[in-house]
Amino acid sequence: MPPDPRFHPAPVPRSLAEIAAATGAALPEGADGSGRITGAAPLQAALPGEISYLDNRRFLDALRATRASAVLLRAEHAGHAPPGTLALIVADPHLAFARASSLLHPLPAPRPGIHPTAVVAPDARIGEGCEIGPYAVIGAGAEIGARSIVEAHAVIGPGCVFGEECRIMAHATVSHTLAGRGVRLHPGARVGQEGFGFAAAPDGSFVSVPQLGRVILGDFVEIGANACVDRGSGRDTVLGAGTRLDNLVQVGHNVETGRGCVIVAQAGLAGSARLGDFVTLAGQAGVAGHVTVGSGARVGAQSGVMADVPPKTDVVGSPAWPARLTLKAFARLKAIAEAPTAPAGQAGE
Amino acid sequence: MPPDPRFHPAPVPRSLAEIAAATGAALPEGADGSGRITGAAPLQAALPGEISYLDNRRFLDALRATRASAVLLRAEHAGHAPPGTLALIVADPHLAFARASSLLHPLPAPRPGIHPTAVVAPDARIGEGCEIGPYAVIGAGAEIGARSIVEAHAVIGPGCVFGEECRIMAHATVSHTLAGRGVRLHPGARVGQEGFGFAAAPDGSFVSVPQLGRVILGDFVEIGANACVDRGSGRDTVLGAGTRLDNLVQVGHNVETGRGCVIVAQAGLAGSARLGDFVTLAGQAGVAGHVTVGSGARVGAQSGVMADVPPKTDVVGSPAWPARLTLKAFARLKAIAEAPTAPAGQAGE
Amino acid sequence: MPPDPRFHPAPVPRSLAEIAAATGAALPEGADGSGRITGAAPLQAALPGEISYLDNRRFLDALRATRASAVLLRAEHAGHAPPGTLALIVADPHLAFARASSLLHPLPAPRPGIHPTAVVAPDARIGEGCEIGPYAVIGAGAEIGARSIVEAHAVIGPGCVFGEECRIMAHATVSHTLAGRGVRLHPGARVGQEGFGFAAAPDGSFVSVPQLGRVILGDFVEIGANACVDRGSGRDTVLGAGTRLDNLVQVGHNVETGRGCVIVAQAGLAGSARLGDFVTLAGQAGVAGHVTVGSGARVGAQSGVMADVPPKTDVVGSPAWPARLTLKAFARLKAIAEAPTAPAGQAGE
């Protein structure tokens, strides 16, 4: 089923040679590099002319039955491609498919221009080829890099800077922020607002601590729909290059992440938490304030990290322990629950 | 206490006969069906002329003291109504009260017209009797069914379709979406944005996978304030008819739910999760990617569903186990914690 | 490092005497009360002329090395201030620093005026000195107290009332709400929308219960970015004076909190939950419907409160137990997981 043309432009056909070049696949001997690929789809849905991929042997049956003209796969699975389907051997089929699909379905280019209803401060600098949508508001002294898109109703505060080819989507709000190139804020993302900092007075009232820092977003950072990134209280909140936040993620003030972290939906980082490079937080996980999670560590869904996690460590549970320990703990707890009697020496229920 | 007239229009008085017809209650012999009911309220707050309900015997004392002119209740409680209060016997008093209250307090009708500040694409089709609020943006080729309301600042992307009597509330954003009739999006709901799909390249960068699907919303679907529903990556994200999402819920790409699912606040469904019909997820629960929860199953608050759940099964805990097992596990764990010594053979603390 | 002048106005210099008066510090004998303080910063970052604070003996080394001209600290640490740094003795250094910093960095005053693009109902009452931003929408009969700021795109529904010196930030939406003075709604906050109330009919459809209450916000209430507060179903949803909600918090209909509650990011209160005064909910915690948490109680991160909590009690875990019990339970569970064999009499794994 090709993408619904009401929402997605038709794919840009590419030659097999172009696909091979983009994905690092070697064209099999005798294959015609000028053959046209007209779309990308899962194995079951792909039509003749389209490209697909196999990443998991669970889907070998779907491979054998596919109508795709070409399939990206690892060498060990190439023999299962049906006749008429070209096997394109790659090291990482999912990555190769992402590249092929991106080639066939490039992001829509900006339609340069500023909508007449946009309110752009006279001294804001809007780069060449930008598209500024209806009712966007861009504050004094802000800079938007070339070929960026600011969608309807987005609000960019005074002094904010975005690099080239950014995309600030509908209803996002930004203040106190310096962002690199290729940064993407999804609808309703909130970036740069005040952090949650205050002191309690003896009469029970709270005194807010002025939040005097900024948000620094590295190149290609993405922030999901309705996710929130508070600015620093004194130093900055920093998201390293390539870090991606899913929807409804919370990032407190002074958080710092390294490069390429992945924070899945509804996870949260409390104030001053630190992540190394390539840390993954699964959905609804949380990291406590001032805690450090080392590079390459992975935090399981709904886990609660209360203490530092060494690099390259998988932790799970709330409180989060090494994954193996938590799995064993829950297996034994289950056995305790299933046993006819409570453990010896215990009061039972 | 009648509703604050600054915010709520006065109730539309109804006759007892109308109330009885709407709720399926039989008017007691000799009751005057033309008597006026002028409002709906809880037992303690109801004034003469108003209707109330009793759903739980915990509130029998409140029933005995109520000033309501009529009370919806089950037969077994009818004898406790005070003199002067008409007992209207129904099978499900809460449902009957919802119907009576809806009759007395109908949703405000749209005030037909397009606010002069709304930006509506010339080829968008706005049905008869729609109300389009200030600063709403409706994209090319979009269709809004008759008698719908699009509130202030809502953004509806190109090609989106809504059936009749929908309500897209203030600041909601929608793209890549086909919606049935009676669909309601609460303020700040995000529907149809890109899913969280990408592949990691060897250099640590991520390559986005184009998200080529749509969101399909069945009739009468409701999506809570600031909740997020991502569009599919290739196939569609589908919410079955009558499904209701509370505030701040996350629905990843390719999720499919059946009819009448209830997803309570801050719960999340990871990509490609599937729910049968009438599944309930309590608050802050999560369902992992590609997992299926069977029809009629119920998932407890803060639970984490990591594996398929059979139909009509209650699960609780993170990881989620059958409710009874988790309750027993935590009861025994509590006993272990309260015991003077750790279980025999253990290292203790 | 002084705050980035692109985002933060320069501090307002204050005399030491002013700082001492605001923080309750006694100026040491012989100190020159007319000395200028030109900024506030952490110990390591403070420059000569600036003020800092020491709250924790962990940072005594930073104190010894600071270049700050004055430091707020407790008497027992005064001897560690380096020569040239004035030790200002206070009972609560963090609170004193919040006050000093607020004096040096006052909130920007409103720039009185209504942006020409704002849509303000003719009978709305806008107090003296208010700033109403671009594309703000203020409904019929609404009242905004003097010296308040309504930022870009905020939508305030008909009849809503705000006291003096409120700040409704960009993209916040409000309906059915009465708010005191000094109330602050952060970007994307949703206040007053319909609660999640409905009854299931035998055919599987849901019948909404009209939500006829309001939201009442006490003086100085703060609501974080993208947080949601539903209006009451019949009675009101009430947040007591000084209560602060962090980002992405959920408050269901009919919730009532006392004074000065602190609800950290992504926590949630289900319908009709009640908090006493000065209750703290840490991040991602949840309180079930109709449950009461007593004054001064504290609920740990990710905890799930399923039953009433007495005043001044710390609870942790999901389900939430007294903190000590949960800590012991998890310590013993860890020991069980680490032991070579499962507890005696158990089936093992």
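Couple of notes before you dig in:
Think of it as A, B and C in the order they're written, each chain with its own count starting at 1.
Everything below uses one rule, namely that a contact is a pair of C-beta atoms (placed from the backbone, for glycine too) under 8 Å apart; a residue touches a chain by one contact, two chains touch by 3 or more.
Model, not experiment: these values are computed from the prediction.
Following the contact convention of this document, A is the list of chains adjacent to both chain B and chain C. Annotation: the chain A:chain B pair of sequence copies touches via predominantly different residues, less than half of the used numbers being shared. Chain A and chain B have Cα centroids lying 28 Å from one another.
Shown for chain A are the residues in touch with two or more other chains, namely 117, 135, 153, 171, 188, 226, 248, 266, 284, 302, 318, 333, 336, 338, 343-345. The part of chain C that touches chain A in the complex is made up of residues 1, 3-4, 6-8, 40-42, 45, 92, 94-95, 97-99, 101-102, 104-105, 107, 115, 117, 133-135, 151-153, 169-171, 186-188, 220, 224-226, 242, 244, 246-248, 259-260, 264-266, 277-278, 283-284, 301-302, 318, 330, 333-334, 336-338, 342-349. If you check the complex, the residues on chain C that touch chain B are 117, 119, 135, 137, 141, 153, 155, 157-159, 171, 173, 175-176, 188, 190, 193-194, 196, 198-202, 204-210, 212-214, 226, 228, 230, 234-235, 248, 250, 252, 266, 268, 270, 284, 286, 288, 302, 304, 306, 318-319, 321, 325-326, 328-329, 331-333, 335-336, 338-339, 341, 343-345.
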